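Each chain carries a letter (A, B, C, D, E and F) given by its place in the written order, and its residues are counted from 1.
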């Protein structure tokens, strides 16, 4: 079993809040991250897939194919967007990095399996100090 | 003459647009950066000050003092904020990194001079590929 | 299960040696790291906790709470200190990164569990080329 | 069980191709990576070994010993070389990072076990966006 | 005057040698970098342009335009290529990073000036330890 | 004129204090950096030399020669040492990064000029947030 890690980046706006909570309650739980006028990040996304190194070409998966899957299913929908308002796979969810990792896992699982590999891990670096990993 | 560089970070939302331009015109000039629902970045700010290494303590300027000046005059006003809507020193300006560098220069020049050093350079890294430098 | 990684930094002095070994023996086993006048590092600490993304707020654990736990139990005791002489949780231990990782695990396990998450991994980067990971 | 990670670097030329395929077929599968005149990378290699922290010196393994094993068995054979033409442990294999990781695993396993530790992971970063991990 | 820095990357093979020198002489002067079977690097290129922040859009230069100029005039010609054999602007020159920086300067100067900005600096990072800067 | 930048690293202990000041006064001016039991850093040193790219070999200066000069005159004397107690070129000086940059400039100026190049800049990164530059 070999693991292939592809790194991509996107820049997006978000805020953390629940509509059914008051502004005060949101501020109390989410702090400055609940700012009603939004803030944003340069997110770093690392997608790990696993599989055998194929005998004919020696790849787990062609990195250009993996790159294209991530671009079409994630980056094109989230880069330079507002995560709360514009990203279909985040609709109705609190815009934490935890929920983002789970949602991106769900977007990528099938397209990667169609190529004969398995999705192993979604890692998202929100800032240089805060990251999330999700293994399904 | 010695140069001291202090690195700070802030995360903020913005969009590039002019109110006197149509959405189409904004889209044409600023591309995806003009998204009406905002996007955001983890900005890296590097402030360079210059001066002599003082004989009594050997510093150009105490880094804790420099850090405090940057925190109070810039970070506290812009971190986890919307640059277009909430940052006083960017009011009425297009939210490019160029204009941001000039505005931060103007915020920091006097407080740094009061401490006996000179402001030399404002560098802002908007993404790992795009940076701006301003020397006054 | 979701994994949350928090990165913190500290700068400290140390030397590797055993009091019951001669200077020669220490030099032979630990090389330049046993220098009696100390040396030091900028350590990078990555603490990984795991748990479910809570339904009400979507976090494994509030990063501000995690940050505070690490600050109070580790950074406040070790930053700008001498690991051999001043850090209570390293008393009587050889100041290797291995022992440091185990000791920091022991410091953080309970406070993290009190918050409803589990400690998963302590990673310490001593230099850009040498790192240690400990999973309990 | 403690994990020790040692980072090393090497610069090498390679191309991806199969001799039993036409240039067209190689171009189709491997794209620009099959350029007949070669291209190259600064590879970053991270070797993870695991074991107990020894009671007498507190190390999983002396990093100088690990460094020497990697230097002699890998770096000396591959740095500033052509992976397809000059590296004995890659002879007859397609020069993918996947195959490189497996081959380096095989080179390092025995020398590391002789020192009383176990090889746990070979990670190779080919570019800042593409990495491979192999766990045996 | 504002400075805009754009970072791009390319991977290429090269060797340092002079055809009018013997292999021995090349080895003596260029060491392992003269390996006849080539080696390669992940080069990091930073292009700095300078100018005024335009009143109408607030940019020194649109980064997408600058990116396109660098892609067409440099990256498309050198990425995944052999610098000695395949790159027209390096023909007849020793493939040092110094000469590469001068040649890239010459490629980029006019297209950047056509856009109303000035080329200020070419920086090339050959490895994480070795870089070159050229200011024309 | 071409600029060549060589990056080296060293790990050292230090404290900031003046013997003619009381512990209280030292604490007041230098804060936690005056800890009597020392602390330490992984310093990153970048040495910039300038000159013409020589016609015969295309280098400003052979990087191996520059590396050797820095190793012998700086790294060998300061790596894994105590800057206050063991480094001859820092004797009698407050161990600020400012003073360190000036002292390293003085160590390197002549050996670099002997090789036909000029020393242009000493940059020292004490932590990822604090750096000093000195141009003579």
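Methods note: contacts are C-beta pairs under 8 Å (C-beta built on N, C-alpha and C of every residue); 3 or more make two chains touch, one makes a residue touch a chain.
Since the model is a prediction, treat every value here as computed from it, not as a measurement.
Of all chains, the one whose Cα centroid sits at the greatest distance from that of chain D is B. Centroid analysis (C-alpha atoms only) places E farthest from chain C. Centroids built from CA atoms put chain C at 34 Å from chain B. With centres set at the average Cα position, the gap from chain A to chain D is 29 Å. As a whole-number value, the distance joining the C-alpha centres of chain A and chain F reads 42 Å. Shared contact sites, meaning residues of chain A that touch two or more other chains, fall at 128. Chain contacts in this assembly follow no simple pattern; the graph is neither a line, a ring, a star nor complete. Considering their complex, residues 16, 18, 29-31, 93-94, 96, 98-99, 101-102, 128-135 of chain A touch chain C. Of all residues in chain F, those touching chain C in their complex are 9, 11-14, 32-33, 35, 37-42, 79-82, 85-86, 127-128.
The residues of chain B lying in touch with chain F in their complex are 1-8, 48, 53, 56-60, 62-64.
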